[in-house]
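The following blocks contain the structures, represented as structure tokens.
The following pair of complexes shares a single chain, subunit A, combined with subunit B in the former and subunit C in the latter.
After this line comes the complex of A and B, so read on.
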């Protein structure tokens, strides 16, 4: 943020602007309105109106035909529902998992391929899966993970004993293997972002560190990693948002099952709304999910911006 | 300047994050492009089976000769999206004239919203002509009035690979003991005897319903009607039989892809699959030629128990606000006419709800012969036999049991099912 801020402040010195502490004139305020209308209308129509409608719907009993206002009953029912508790726990597992795996593995691949000969080409192996859609990823991993799939066949081929309980059939294994599948697909973008971050590190800084005797892990930890901080902020922010909205992979691999054991909040929202036609409860889950996403994003960005 | 930018960015993040799940929910409320708008000389029909399009047109051509109105089919490929489209468009003038739906409680769910037209007159007239089995009226009715006309009639049978049976030296069983004996021989020959999966969600109810209905058809009816409990001894016994068959190694893994069922039967990796006759055409497409596969009715668990068969019927309803309502009602009055049903069932490769319409498909002929010989009690499929929310929640518990089909998991599963049944029957009775 420090780097971004400076040019903006310098550019501001060239043009007249209201003195600090002096309020904008009413005319200035009015003249700004036409420039805002487009953006406000778009955000309002596509985001705020649906959000308010969803909050209202979450306070109703709605089966798609009739709707009755019931206050906070849907929320209270959610608190008593063990499936919802499991869904929150799985969402937490996804968030922690996608913070550690795609970010950690992405950084590792970027650093390793940046410093080895031919690494430029090697990194494409890891980046390619990012070009696949979530659906295609789920189909491929379905072939691998099912009980009659490639993974168990490979284990048996090498003389091992295949998992009898099935990779997708028991919790928490099913959630963990799906996080691994998601990592395989999502690591590509973190590799790209970390590569850009690595290339932006001034050579002089690294050379200065080397002259001072730093090398290997010490050089990475004390010289390179701090320079990657702006990129890391973006990568972690993206990972948090991606993990909270994960749906396609889970829906296609397990449908949230068996017995709702691998559901996340996004899957619970879909199931309540579209499978059970319980629109009120579906909307309540959507509101809870929104609060979590906004809360997490707000906390994270606020923390990072303060540090920046 | 820094602060102002920071605030704006956060606000945007907030708005985007808050709006995304909300937009997903609200997107469901759009009525979709598959409803409304049509010519006066046709009635529009909305459905979720794109593979029925040709058959709709063939039946429509016959209907046009009788009523002057053809059928213009429309499709929403995903069943979940389709239900959504119907729920949001049925009460508006942009609905299609005819709506494909399911019988039983799913039809009642739609009928009690007031969105469907009364078809009692059309039903009675068809029943008088002998075009429909009058005993099935209840599963197309709500509050004494008929709201759907059967689309087809699928019997739930066990399809089997005849080549594998010949190789192992076994024949279609006529008793449960023979069925168990066959399974043991198939397993010993290295073939998986039976297909079962919870992968597609609803498929976890298949074996539960089959075993329970063969154990005690009356209990099956009582249970699905909310008059018996999942924790009762008969349900426990059915689960024990199921768990025992799992312990013997008769079933495929619980996460086998549902889509792979026809190819597994065709390749002989799996010898038998329990399925509605509506999937008959798919087995032929998977490479099973005439004479290479057939079907039998699963025998009762105890020879003294009356034979039964689970029956499934799609239904066609008329929207109360159909733009071309009179034409739609006339179309439904003639839907079961043998002249319409013949090309229809020939194309969909299933049996007609009109008992006068015969089939020349050898597998279906075998099924119809068995039905006429055994005269089994016809039971409504589990999927349509209880309120939809109970079934959708129930298949999750059954799916969890399939992932861990042990003796110790029987009572927890049945207790979960009963607790769900208590809640959902109360909600259903309260009318929500």
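After this line comes the complex of A and C, so read on.
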């Protein structure tokens, strides 16, 4: 839900300001407090304070009862931990996978919807799963992917060799099939966003392209796609952020296993903290994840918006 | 011509791939759990949906979960939207000092991954007696919902011409009165869009549900569904799938009826 938005370094600058030279009375300044207090108190007490606490906790050895300050030891330990390396690799696979699949399929569906017969109604098949939660998606795909699940059954029906170990028990298959499951759920929103983008393209632009002799794929590639840039920036930014946060699906389908093989950073943090009670390491993973998310979205959007 | 055929085939093939999980979900949720032969059915066999549901209801208190989530989603989204609307008013309309600082202070919450809040919330909830309480859940969900709602409302408020509050000011209206009778009605639709969006988000959340609650009569619906999913083999898949359908129904209905508002809140976020 987040990161649809542009980072606004100049936030608040584009709003009406009181005329210069009109000094604000103290009373006027204080009058904003009752309006701000609700939002600031909620965010401050329940998000910002825990955030700072986690950053501090990542510098301690903490088992939930006692805590000692150890500097950057947790981070150094992470670097040598093969499980953490696997977790980073999986997170990377999720990011690349959700960049290619939901964005690509979503663009394809949005473009084809209006030209394929019945497309207007069939698009709901793609949009509907977006209304499902990650938990419900995991329930459905668990049913499909288990060793006695629907996928193996279908493979055997067509005379193929079913995967006896199930699809979720070995790496990298488990990560890949979960990315597919996530694609099934997440494509709906990219379809919606691309359709909004397509509607916003001025008819004259397309007509001008057609007059110049462009049609079919060429029209799409040279005329329509460049016009979709602003939406694409939003969709990709959103996909990156969401792929880095995915938790429900993995937690229900594999619990990150077997043997932490399908963990992403979001799952590693949860297991270190709440299953292993290693609060310091869990906090360090959470900090690494935050740095990656904030950094990636900042870098990506900054770069894109500058070019756009 | 061939291009058109390829295009159509591709589209229909993808539609089938997308529809199959939904089809299997419905067919197998309808199959009576007792008649489930150990393998997924591809054609409807009888109608045992309500019996499956009754099992889920009895074994994991899915009903409590639904009620709790209804409470958490509506209360939190409501509180968040109101708080966000007022803060947006203070930052955009009122001559507040350092509006940019306030903006980032409130907005920062939405950039960070939820994992970074979890452990300190858990320990402070345990030590203040807020762990596993309705109040605790409403508070954390409200806080999570504030930044994004704030963002939507703030963007919308900037589109209101400054002449309107200035005229009201000249007429002698105080800030509270101006907010209530001028801005609140004007931003109603963006508040509603934010409400729908946040309601859905809270309803679908699992992470806080399994971290900050434990008892069946306090936990939200997705935590209950996750527990039912853990009993996949003992209850049988039809029970789990039926529970998944019922747990998802409110957000599906909301999504389909309020699609316009979803779209406008996504748009506002651009």
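Here is the rule we go by: the second predicted complex is superposed on the first by the 258 of 308 C-alpha atoms of A that agree within 3 Å, B and C clash if a C-alpha of one lies under 4 Å from a C-alpha of the other, contacts with A are read in each partner's own complex, and residues count from 1 in each chain.
Assume a contact is a pair of C-beta atoms (placed from the backbone, for glycine too) under 8 Å apart; a residue touches a chain by one contact, two chains touch by 3 or more.
Every value quoted in this text rests on a predicted model; they were computed, and no experiment measured them.
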item	value
Partner chain in contact with A:53 - subunit B first, subunit C second, else both or neither	both
Partner chain(s) touched by A:289 [first = subunit B, second = subunit C, both, neither]	both
Contacts of A:245 with subunit B and subunit C, given as first, second, both or neither	both
Between subunit B and subunit C, more extensive residue contact with subunit A	C
Which superposed partner A:258 touches (first subunit B, second subunit C, both, neither)	first
Which superposed partner A:109 touches (first subunit B, second subunit C, both, neither)	second
Touching partner for A:275 - first (subunit B), second (subunit C), both, neither	first
Partner chain(s) touched by A:29 [first = subunit B, second = subunit C, both, neither]	second
Touched partner set for A:63, first subunit B, second subunit C, both or neither	first
First (subunit B), second (subunit C), both or neither touched by A:215	neither
Residues of subunit A at both interfaces, subunit B in one complex, subunit C in the other	1, 5, 8, 12, 43, 46-48, 50-51, 53-54, 57, 64, 142, 148, 245, 266, 269-270, 273-274, 279, 282-283, 286-287, 289-290, 293-294, 297
Contact set on subunit A toward subunit C in their complex	1-6, 8, 10-18, 24, 28-29, 31-32, 34-36, 38-40, 42-51, 53-54, 57, 64, 105, 108-109, 112, 115-117, 119, 122, 125-126, 128-136, 138-144, 148-150, 153, 184, 187, 189, 192-193, 196, 216-217, 230, 234, 244-245, 247-248, 251-252, 265-266, 269-270, 273-274, 279, 282-283, 285-287, 289-290, 293-294, 297
Contact set on subunit C toward subunit A in their complex	3, 7-8, 10-12, 14-15, 18-19, 21-22, 24-25, 28, 38-40, 42, 79-80, 82-84, 86-87, 89-97, 99-100, 102-124, 139-140, 142-144, 146-148, 150-151, 157-158, 162, 175-176, 179, 197, 200-201, 203-207, 211, 222, 225-226, 229, 232, 237, 240-241, 243-244, 247-248, 251-252, 254-256, 262-263, 266-267, 269-270
Complex interface listing, subunit B residues touching subunit A	1-2, 6, 9-10, 12-26, 28, 80-81, 83-84, 87-88, 91, 113-115, 198-201, 204, 252-257, 388-389, 392-393, 396-397, 399-404, 432
Contacting residues of subunit A [partner subunit B, same complex]	1, 5, 8-9, 12, 43, 46-48, 50-51, 53-55, 57, 61, 63-66, 68, 142, 146-148, 165-166, 168-170, 241, 245, 254-255, 257-261, 266, 269-270, 273-279, 282-283, 286-287, 289-290, 293-294, 297-298, 301-302, 305
